Amino acid sequence: MKLPKSQIFLLVALLVAGGFSAFSGRIDPYILDVTLGVGIAITLASSLNLINGFTGQFSLGHAGFMAVGAYSSAMLTTTLGPKLGASAGVLQWVLFPASLLLGGLVAALAGLAVGAPSLRLKGDYLAIVTLGFGEIIKVILQNVDAVGGARGLVGIPDYTNLFWTFGVAAVTVYVVWALLNSTYGRGFLAVADDEVAAEAMGLNTTRYKITAFVVGSFFAGVAGGLYAHLKGYLNPGGFDFNKSIEIVVMVILGGMGRHVGVIVAAVLLAVLNETLRSFGDYRMILYSLLLILLMLTRPQGLFTWTPRKKSAA
Amino acid sequence: MTELLQQLINGLSLGAIYALIALGYTMVYGVLRFINFAHSDVFMVGAYIGFYLGPRLGAGTVWGGIATLAAAMAGSAVLGVVIEKLAYKPLRNRSNLTVLITAIGVSLFLQNAGQKILGANPRAFQFPVPGGGQQRLFPETQLHFRSLTISSNQVIVLAVSAVLLVALWWIVHRTRIGTAMRAMSFNATAASLVGINNDAVISFTFALGSALAGAGGVLYAMNYPSIDPLMGTLPGLKAFVAAVLGGIGNLPGAALGGMLIGLVETFVSGTRMSTYRDAIAFAILILILLFRPAGLLGKLRVEKV
Amino acid sequence: MASLLQLENVTIRFGGLTAVSSVSATVQEGELVGLIGPNGAGKTTVFNMVTGVYQPTEGSIAFAGQPTAGLKPFEITERGIARTFQNIRLFPSLSVFDNVRVAFHLHLKHDSVHSLTRGPKFHREEIELRERTRELLAIFNLERVQDEPSKSLSYGDQRRLEIIRALATRPKLLLLDEPAAGMNPAEKLELMKLIQFIRDKFQLAILLVEHDMKVVMGICQRIHVLEYGRKIAEGTPAEIRANPAVIAAYLG
């Protein structure tokens, strides 16, 4: 059987990630850390792009779903891991992916719970509800002692490596791409364009929106799991509104609803974040100015010159 | 019983502040149909203006307090109009989302520039007494009614809010510009066709809403006596919830919503759920949007097809 | 025989305003029916109730013998009613081709999961749908611009594309909301031919809201006349032309 090009892309990406992963011991730890951050950013941005870009909804709660995934996944590895008595390798290659999957599923459930009622709302209302959801998650996490409360969760094993990070990123990009490039998938874009017309063409717009929301939340959750096992500790404050905004900026900068542009923007901003770390607070000032200037001058995103090509499958 | 009355008063004075902020959200939404995210940061700036100008305007006396409040309102009004002119006006007729994102940008800018310029650490909202020691913005006494204790600050919050609400009602219903505001929120295109200068109305709306937020900032700082550049976020969000609860675009609705949110929050604080205080407003928001998206006093707009 | 579409004493109020008041009307299978009336008579509101955008306050609507109360617009489309809009509502970011393709969605057997696995069944179906889309575009001579963004089409072509898109849902009843608006006399003539052609070729019923009397009188078999939300007349074009109430409504 001949594999479609898109699936070949996915396979190659996984192989390359695996290949580099084997030599990660020789990579400078700082560079490795930044690179892993870039991979997580790609996953976060691409998954949010499905919701905010392609489906035209506006979620401000992506960090909330990331938090749900991060905590679920970390709880699994920290509680179950020591009891299994398995070798570190087994834990990293079996328990860890299971925990990522769990993180994604719990986040997807949260996405369903938030999305089902609130996706009937239009743009700015939805933005506020998702923002509110993010805050609720934060408050809950701060109040639950089992996950460390406001002190945070520490002692999470460092399972995140190049293979898992970029493997997940490749799968995310593939899923978003494949979902959209089909007759079914054109429905997402139609919903973004004109809900009334989409509904009149027989598209169940609510269902499309929820699908986008749940799939997007799933990958945000998986990215959260990667993040948890990269940093080794979690605290609720790390998943605040600013984190959500960071991801939103990636999507906007990349041109909402563009596959490659958003990936480029994610890489760029993740690296920029690292380089600007020493500037501390100036980073967010820069972010905010960037956001304003972008909206005033290039609301279509930074890397958008040609119209979106649509009829290619 | 006393406990209940005490909570009621606490709740009303908190709710009055939410109401002041909520009015700004609702007015801007009325004329421009977008959520002015930066509104909560105008509230914060209002508190800082009070903090810096208070000593010069005679904080610690009744007239000094009133002067400080007025200065904060004026400064906030100017800030609101400047934000509108620089960031929102160029985006007229662009999609809601573009304006919303810009507003988020403005909000983040005010918060982070605030942290850089004003310092990230919380400051006590108190003013030095010439002979040494600290004093509040208004002279403070505790009023006792049997076992009930009311701080004079709470009375001031309620009184100032009441005066401002009446003033606002008068402006909106009894002046030309207020009538123009109402006309515009009813139908902006038609309003401009009958000769209403939309830009002037929008600027006025921002000035009015921001002035109320500035007053809210000072009153809030007075009762919770510390301020920091991020102080606007939570009250701002709660006030927004209040505006939606009352029916966005509806002025009495915003005032009512603010009071309700203040009361609910205060009563929750008194229970074992107190650590969830900050989440309660959002839970309310989600419930309203589910069951009565138009809010308590609002009318649902039917999209024209 | 039951009517394809049956409105019985349909009333809708928005707040205090009664937009449509106790209107009864039918459309038979394969029939071409006009709905006319002065501005604000409630014609588009009737469309919006038939397509589920609004729910009637009173009265009932039945399609193919089944009541449509409580159905969402997409469910009504699933049952076989498609529409166009008074102010054209194409999907601006989609190409001409995809505007039509997406409307075939109803007849897909595959969904999100198949989009991901992209197996042979998925590909067969996609290829078939592309073929169908191309055929449909070809019937209306729009295949030459199929890769253009829909908003780059001329006004008349956009109107036609909206009709094609509606046809892709394979309706039994097509609602056209002022299809002749903004067209010149030559284009109107062409449109009249097109509407009759569609009815014959796709074997469906058409309900037409139109201002232009020439168009309506020229092609409709039966006409319903609304004024201030009430039905004031019903009949063949000849009957309507001679109806004193209609003349009063249009001249007075």
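Every chain is named by a letter (A, B and C) in the order it is written, and numbering of its residues begins at 1.
Simple rule for what comes next: contacts are C-beta pairs under 8 Å (C-beta built on N, C-alpha and C of every residue); 3 or more make two chains touch, one makes a residue touch a chain.
Just so you know, these numbers come straight off a predicted model, no measurement behind them.
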item: Chain occupying the most central position, where position means C-alpha average; value: A
item: Most distant chain from chain C by Cα centroid; value: B
item: Centre-of-Cα separation between chain B and chain A, whole angstrom; value: 34
item: Mean-CA-position distance for chain C and chain A (Å); value: 41
item: Distance between chain centroids, defined by C-alpha means - chain B, chain C (Å); value: 48
item: Where chain B touches two or more other chains at once, by residue number; value: 305
item: Multi-chain contact residues (two or more partners), chain C; value: 53, 85
item: Where chain A touches two or more other chains at once, by residue number; value: 196
item: Interfacial residue positions of chain B with respect to chain A in the complex; value: 34-35, 87, 90-91, 94-102, 104-109, 111-113, 115-116, 120, 233, 237, 240-241, 244, 275-276, 278-279, 281-283, 285-286, 289-290, 293, 303, 305
item: Residues on chain A engaged by chain B in the complex (per definition of touch); value: 58, 60, 117-118, 120-121, 123-125, 127-129, 131-133, 135-136, 139-140, 142-143, 196, 241-242, 245, 248, 252, 281-282, 284-285, 287-292, 295-296, 299
item: Complex contact set, residues of chain C against chain A; value: 51, 53, 72-74, 77-78, 82-83, 85, 89-95, 97-98, 101-106, 108, 110-112, 114-116, 118, 120, 122-123, 125-126, 129-130, 146-147, 149, 165-166, 168-169
item: For the chain A and chain C complex, residues of the former touching the latter; value: 1, 4, 6-7, 175, 178-179, 181-187, 189-190, 192-194, 196-205, 211, 257, 307-308, 310-311, 313
